[in-house]
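Please go over the structures that come below.
Note that chain A is present in both complexes that follow, paired respectively with chain B and with chain C.
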Partner chain A sequence: MPAYYLEAFTVTLGIFLLIAEAFVPGKQKSWVGLIAVVGLLGVLGMTIWAIGPDKSLEAKAWTKFALWDLYKFDATARFYKILALVAAIFVLILAIDYRSILARYTGESNDESGTGEYYSLIVIATAAMMWMASAKNLSMLFVSLELLTVTFYILVAFMKRNVGSLEAGVKYLILGALSTGFLVYGMAWIYGATGSLSLDAITLAANTTAPTTPLLFGIALMIIALGFKVGAAPMHFWIPDVYQGAPTPTTAFLSVGSKGAGFMALMTVMAPFSATPYAEKLFGVLSILACITLVVGNFGAIPQNNFKRLLAYSSIANAGFLLLAVAANRDGSTSLSSPQLVGFYLASYLLMTMAAFFILSILRVQCGSDNIDALDGLSKRNPILAVAVTIIMASLAGVPLTVGFVGKFFVFRAAMEAGMVVPVVIAAITAAAGFYYYFKILRAVWWNTPNHKEAIPLDGSSLFTFALTFLTIAILVFGVWPQPLMNLIK
Partner chain B sequence: MFTLANLPTAGLSQYLLVAGLLFAIGLTGVVLRRNIIIVFMCLELMLSAANLTLIAFSRFNLDAKGLPDVHGQMLVFFVITVAAAEVAVGLAIIVALYRSRQTIYTDELTTLKG
Partner chain C sequence: MSSFLFLIPFLAAIAIIFGSPARLTARGAAIATFLLGMYAATDWSNAMWSFTFSALTIPSLDMAFGFLNGTSVVMVALAVIVLLAAVFTGKAPEGREKLYFASSLLIGAGAIGAFVSTDLFFFYAFHELALIPTFLMIGLLGRGSRKEIAWKITIYLGVGSLILLAGLVWLAREAGTYNIITMLAAQKAGTLQIDPTTQKSIAALLIVGFGTLVSLFPFHSWAAPAYASAPAPTAMLHAGVLKKFGLYGLLQLAVPLLPIGMNAWLTPLLVLLLGNILWVGLVTINQKRLDSMLGHSSVMHMGYIFLALAAVVASNAAGKTNQFGIPAATVLMFAHGISIAMLFGLADRIERSTGSLDFSDLGGLAKPAPVLAFLFGIAGMASLGLPGLANFSGEVMVFLAGFEGRDATASLGPVQIATILSLWGVVISAVYVLRAYRNTFQGPTVNSTVSATDLTLMEKIPAILLAIALLVVGIYPRILLQLLS
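Entry: the complex of A and B
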């Protein structure tokens, strides 16, 4: 099956859901989310049979399509597509459970009639991320990145009767459009300097000619633009506000999906220059960004009392680690290459961050609060959930035997192999600071006395409970035995 | 004599200069202005600057037959389409914000704090 069927199916599913939601009578809308989950699971299954054009398939007509000038399919692209689909499935499960809050701020009288589009938008954003994983031309990259961004404007501002959501939407809109401006202007200069938008041609031009000022100007603009998308300091200032204001499923998708897509785009753009004589200086810029991001993210998180804002700063800190992996610029001859490393880290980040947002969603739905003190005394109110929170926070902090540790360890090793001593020292110090704020949550869970007398029962739908259990177990399993995840990337 | 026929034509650097100015004006507006509608117009200005740069590079990068490179022009059409989509969504969000807050000034958006 040609690989582009995957995106075709996904976007068809999104449009089908949009239409079905409008024409099927009734106030209940959770079925839209369930169909989306089943449909995306189907697409996830189809990734096994997806193939790109290769020598053995010369006879097939589809291998001759001009589409293949814009679209590539290899193991890395497959991995990122799987990552996007898995993230979207978990976000949909989260959204189904979160729909009472969505309904409160969208419909007239708490009914769910305004929440159906939410699920189809998530599916369409997933298609955009999948396309981006396959981009081998700057125009393809641009269109898929913008499809993702414009969809996210709506997802962030979805709760139209909630001032926080709208403010977050406006902030994301302005900063997103600003980064788009930088992105297109950067593309224009790279196009001018190399004479092509195709990444293959740009690679050729970059390796055969000396760097010119227009080319470097273009690359700088692209790094600024993608720095906004991934939340690298000093372009990170929108992240805490937008994450706090947006509906929790959107925040989860922003922090896993949008960040992953941003890193995909960053690596696609930087790949042509990774083997050039000036690569060291170019990637040195990224390692400086990584250091600033690590410091800002980890130290910014320390004073936070709002769990959602804390996770926002935590996502900035993780962007720092990911940037470090990109900056190491490993070609994969000795261990994992940089794209594989970023893929592994993103997968581990997906598991633990998504689980943390599941916890946040329970808090919001059942305690009506995003603050850390809503977790006070959780060990007495719901011991099983308390253990899950402990595992998730330990993984985010990077305690050994969790997947968070394995990801950080690989990044440190790659950075050491690349001889980046100062960034590694900074990363180690900031990771130690990370322990403080993640353990602040554990202190609330285990030592503080409960404010609320009533326990939070884990009474999310059975699907929700299953998903959270799955994520928590996966954190431990992949922490001890990361090999299956590695095989998927290679 | 100065006629339309022998009017000096602008070269690549003139186009790039104008585009750079447009981009700088747009960026300054986004950073300095507080009215969201004005900010939005400045963002469009930045995209136009990028479009002009693309067109200029496309026009001055001729192939063997002496025709401009079409890839840059193709991207311009995508940029215009995406900008239109962005405006449609963006103005809807701004209208929704105005309904609930009665303001379109960014310095009055202070609900979210940490």
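Entry: the complex of A and C
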């Protein structure tokens, strides 16, 4: 099966749901989300059989398509498609759980008619991420990144009767447009310097010709643009506000999916230059960015009292670790390649962040609050959930025997192998700061006594329980036995 | 098989969280672990104890468990004994039984897991696992300003662990493997030669990292308040067992693998350990409360074990083998673990029956509670190094190790000078232990102690168990030493 069927099927699913949602009568819309989950599970299954032209046994017509000049399919691309699909499936489940809040701010209360499009937009954004994982041409990269960003403009501002959501939408729109400007401008400079938008041709040009300032300038502009997307300091200012204002499922998707896509794009753009004279400057810039991001993210998180904002800073901090992973692999000397390192870290980040957003969503739905103090006394209200929160926060903080530690451990190890002593020291100090703010959650859960009016037991729906159990067990299993996850990345 | 040693308490903790009766499950699991641990100690070289499971091929990470050498066996024995005593000690507050017992089991599982890991990654990982239950227990059920103390211990140990992680990753990178057995074998065969400057840097990271975890002066300020505040089982397990992880790591990794690096830091290390023995010792004398006196004394005694390590490092650098050094460190770790656990367990009992641990509120407790006074006396005498009890054999060997192989015609080396100075520590311990005993148990009874009750049968069990361990090792230390030969 040609690999591009995956995206084709996903987009078709998205459009089908959009139309079906408009024509099927009734005020309940959660079925749209359920169909989307089933459909994406189907696409996830299809990734097993998807192949590129190089793996095709007979020369079928599709192997000759011009599409393959823009679109590649290899183990890395497959892994990032799987990552996007898994993230989307969890976000859809989260959205189904969260629909009462979406409904409240999109129409009359208890009227879900305004929430149907939300699910199909998530599916379309997933297709964009999947395309991006396969881009081997800057134009393809740009188009898929724009499809993703434009979809996110809507997803962020989806709660049209909520001022916070609208404000976040405007902020995201302005800064997103600005970063797109940087991206296109950078691509134009690269095109001017190398005469091509194809990454293969750019690699060839960068390796054979003497270094030129225009090319360096072009790449620098693209690093700035992608820095916006992944939330690298000092391009991180939009993150706390947008994350806090957006509907929680959107925030989860932004912090897992959009960040993953951004790193995918960053690695795609950096790959042609890794063995050229540009490498030292570029990877040097990346390691400086990594250090600033680690400091800003981890220390910015310390004073936060809002759980959602805390997770926003945590997402900046994790972007710092990911940048360090990208920067560590400057000459391919580390035993894990950077797509493997970043891939593993993103997968671990997906599991624990998604789980944290499930907790956040149930807090919002049942306690009506995003603040950490809504978790007060959870150990008395719901002991099993309290244990799950403990495991999730321990994993985010990087306590061993959880998947979060394994990811951080690989990054430390790679940076050590690359001899980056100063960044490692900064990463170690900031990771210790991480203990403080993640344990703040544990303090609320275990030490504080429940506030009388908020003593709600937080019993989730069966879908919620299933998803959270799955994620928590995955955090522990992959923390002890990372091999299956690593096998996916190859 | 060795993996069952930590799996039993770990799974029991999970069962407790999911509703199995807390006290019964915890005690059953601790007894099973104890029996298995004792069996392992008699037959530890049997191949059935080692177990390897590949967690990841590139980079190679194995879940490898087994016993590295006799020191691991002694540490496991210490852990299972103290775990058994800990789940029988203390009283869980109303409505908190689950957390109380599950935490003890998890701390025990973490410590045992670290001592039976033969892979660096899991060796480190298991120790960290025990941090969370410690944090929760102190913060939730501790005494005094428990929340500040819980934060302090978490941040101290978190930073210490990260420094340690950097050192261990660097060490593994130089050795080319995470398998400790392979590392030690390569070192013995001479194929693992780490360049001296690198050794020096790794040794510095390991001394600071492990040192913070063992409360080496001046990274010790977390320990005394934490132990004073922690609920009895947590204090017993942490001070008795988990803290030994740092010394164990230095003994098994830094001393054999980084001989040049450790020797380069010998003099600073000696100064720091004298800080533990003399400075912290004097601070201990000045304590006004029994719990904080015990906390400080446990910091102080770490100095002797560091001294044994330093003696081994100095002998290795001179090309000799120090036959006393490693046995001294191991026996003393065991003895200190047992005696401090016993003291913390009994101190908790004193507080529950008198309502205070302030020396000014105590006195004459021997009259209403003679058994308590007798058992506390044994543990206290052990702690000050009375012959016939386990700590004495350890401390004597430490001092012998300090002078081991010295050329009688040469002038005193730094290790010998440190040994002589640290002998004063014995006097200091005698002062604070005897004063504490007098203030608590002797003299006329006062308001708080007049109605105190003696130990019940269930309360005697853990204390007697620990007392037996102290006596057996004190009278017949060969029982441990034969494991080390």
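One rule holds in what follows: the second predicted complex is superposed on the first by the 471 of 490 C-alpha atoms of A that agree within 3 Å, B and C clash if a C-alpha of one lies under 4 Å from a C-alpha of the other, contacts with A are read in each partner's own complex, and residues count from 1 in each chain.
Heads up, the rule we're going with is that a contact is a pair of C-beta atoms (placed from the backbone, for glycine too) under 8 Å apart; a residue touches a chain by one contact, two chains touch by 3 or more.
Just so it is clear, the structure is predicted and the values come from calculations on it, not from any experiment.
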Room on chain A for both chain B and chain C (clash or fit): fit
First (chain B), second (chain C), both or neither touched by A:Val399: second
Geometry of the superposed three-chain model: angle at chain A (Cα centres of chain B and chain C, steps of 10 degrees): 140
Partner chain in contact with A:Ser196 - chain B first, chain C second, else both or neither: first
Partner chain(s) touched by A:Ala432 [first = chain B, second = chain C, both, neither]: second
Touched partner set for A:Phe412, first chain B, second chain C, both or neither: second
First, second, both or neither for A:Val424, with chain B first and chain C second: second
Minimum distance between Cα atoms of chain B and chain C in the superposition (Å): 23
Chain A residues touching chain C - in the complex, by the definition given at the top: 335-336, 379-380, 383-384, 387, 390, 394, 399-401, 405, 409-410, 412-413, 416-417, 424-425, 428-429, 431-432, 435-436, 439, 442-443, 446-447, 480-483, 486
For the chain C and chain A complex, residues of the former touching the latter: 17-18, 53-59, 61, 63, 95, 98-99, 121, 124-126, 128-129, 131-132, 135-136, 139-140, 147, 151, 154-155, 158-159, 162-163, 165-166, 169-170, 173
List of chain B residues in touch with chain A within their complex: 16, 19, 23, 26-27, 30, 36, 39-40, 43, 46-47, 49-51, 53-54, 56-58, 61, 69, 71-72, 74-75, 78-79, 82, 85-86, 89-90, 93-94, 96-97, 100-101, 106, 109, 111-112, 114
Interfacial residue positions of chain A with respect to chain B in the complex: 138-139, 142-143, 146, 150, 153-154, 157, 160-161, 163-164, 166-171, 173-174, 177-178, 180-182, 184-185, 187-189, 191-192, 195-198, 240-241, 244-245, 304, 306, 309
